[in-house]
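The next block holds one structure in the form of structure tokens; read it before the comments.
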Amino acid sequence: MQPQEIEAFLDREFPQVSGYSVTRVDGQGVEMRLAVEDRHLRPGGTVSGPTMFELADLAMYAAVLSRIGPVALAVTTGANIDFMRKPAAGRDLLAECRLLKLGNVLAVGDVLIRSEGAEVPVARASLTYSIPPKSRRN
Amino acid sequence: MQPQEIEAFLDREFPQVSGYSVTRVDGQGVEMRLAVEDRHLRPGGTVSGPTMFELADLAMYAAVLSRIGPVALAVTTGANIDFMRKPAAGRDLLAECRLLKLGNVLAVGDVLIRSEGAEVPVARASLTYSIPPKSRRN
Amino acid sequence: MQPQEIEAFLDREFPQVSGYSVTRVDGQGVEMRLAVEDRHLRPGGTVSGPTMFELADLAMYAAVLSRIGPVALAVTTGANIDFMRKPAAGRDLLAECRLLKLGNVLAVGDVLIRSEGAEVPVARASLTYSIPPKSRRN
Amino acid sequence: MQPQEIEAFLDREFPQVSGYSVTRVDGQGVEMRLAVEDRHLRPGGTVSGPTMFELADLAMYAAVLSRIGPVALAVTTGANIDFMRKPAAGRDLLAECRLLKLGNVLAVGDVLIRSEGAEVPVARASLTYSIPPKSRRN
């Protein structure tokens, strides 16, 4: 699936989620952008942990979709996240997801999140997704 | 800190977060309730992963506060979560947090989340918190 | 499976692993003991991280076996571990595993490891196992 | 520290650990090799989970040492690992560790493990290390 197709699918399947766009799809995975707004922030202007969790999770979901097509039933079975640095105030977040395994039953990927304009990652995550039976290729 | 004190502190420090209440504080940790509403749901009525992540994170934060007092600067350094079962539609979530370690620098806890009315956990999580220097007891 | 059956199975399938015994099997899960010896230690006499990882992993495997019988092909897909306190020198380790989910495809459990004679946990872990197709109950 | 210095330090501080060599140190982190032998294997010839855990852990430790010098007291506080594919029989393992954060108190890194001769990762891991007070740079 191409970036706009993935976004259209996400808009349709998850209408309450907004602010996310797919900036790149390639052989390794995807890059996703979050346009940070007030509802994503904690007092002091820092992006909340659950928001960064959601960004990592959606980036992984987009990476899976980019390979197996519009499968709504792929679900997160597990996730692990480290919050390493405070994101830069007033900046969008960019999440780079590498799809490390796309198996018949499970998919595994990792994500580095950074503030736009900076190279150092603010958070890292790894996610495991369950691939539903109808989408299994064997 | 007692349940109402913890809630008052959370309301003050994190006004954008709502729906959470502390139902119990004891020697092991705390229990926290989330009054589930539409904004917490994905299509199909299931509670979203980021919502369950936030519930686990706040339960751990409340557990830390219950021991060291109103410390706003304790922050999540890492978290791990497994989504095991679909939560029951239309039910509140209850999160039981055990504080496993309260060190000078780091705190570690685990959380089991279940739907009210059911015993089987829908998710499990573990969290690590950083304890800020002023609150270090040695 | 009962404790001695599980141990016999482990001895047969994993002859290079030794020192482990199953001390209890119940409705929640299992308890496993590691008789700590020099090969498990780092300089200074502390039990090594990989040893505690192996103990947690075997405790989870034993918990899965106790429910679905002697299945050699159940394998660890993921694990998460926090090292919280130094184990007591010269003491055996006890690992308490709770089986939190035994699904058709995945099993999830958590483990608390403590030094014999002490109540505070030295490490916590969570593990996810893949259940092979032949053993799937539906 | 350079590769041979790191290996000499590891040999001195952890004499029971063997088979590991540092193949590269650069701005991103390190690469470490494990010369796989019988004691690392489960029946069927596959490298054991605890062995891959140890490899990831040592790669991270080497990455930390490469930046802050010979600090024996840096210890693993947490680790997360996914086993994705069976390693190739009879092949060495190579672990690539990226040091993502080297803070005053905590260091965070991730690791991809692959079989020599293959590009696809057999396992991924993330590790958190505690930096002892004397080595803190502020």
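Labels A, B, C and D are assigned to the chains in the order they are written; within every chain, residues are numbered from 1.
Everything below uses one rule, namely that a residue touches a chain if its C-beta (ideal position, glycine included) is under 8 Å from a C-beta of that chain, and two chains touch if they have at least 3 such contacts.
All figures in this text were calculated on a predicted structure; none of them were measured in a lab.
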Each chain counted as touching chain A and chain B at once: C, D
Which of A-D and A-C has more C-beta contact pairs: A-D
Chain A-chain D separation of Cα centroids, rounded to whole Å: 27
Euclidean distance of C-alpha centroids - chain A vs chain C, Å: 33
Residues of chain D engaged with two or more neighbouring chains: 77-78, 80, 82, 128
Residue ranges of chain A touching chain C (in the complex, touch as defined): 77-78, 80, 105-106, 128, 130
Touching residues (chain side chain C, partner chain B) in the complex: 80, 82, 84-85, 100-101, 103, 108, 110, 112, 121, 124, 126, 128
Contacting residues of chain C [partner chain D, same complex]: 13-16, 39, 41-43, 48-51, 53-54, 57, 75-83
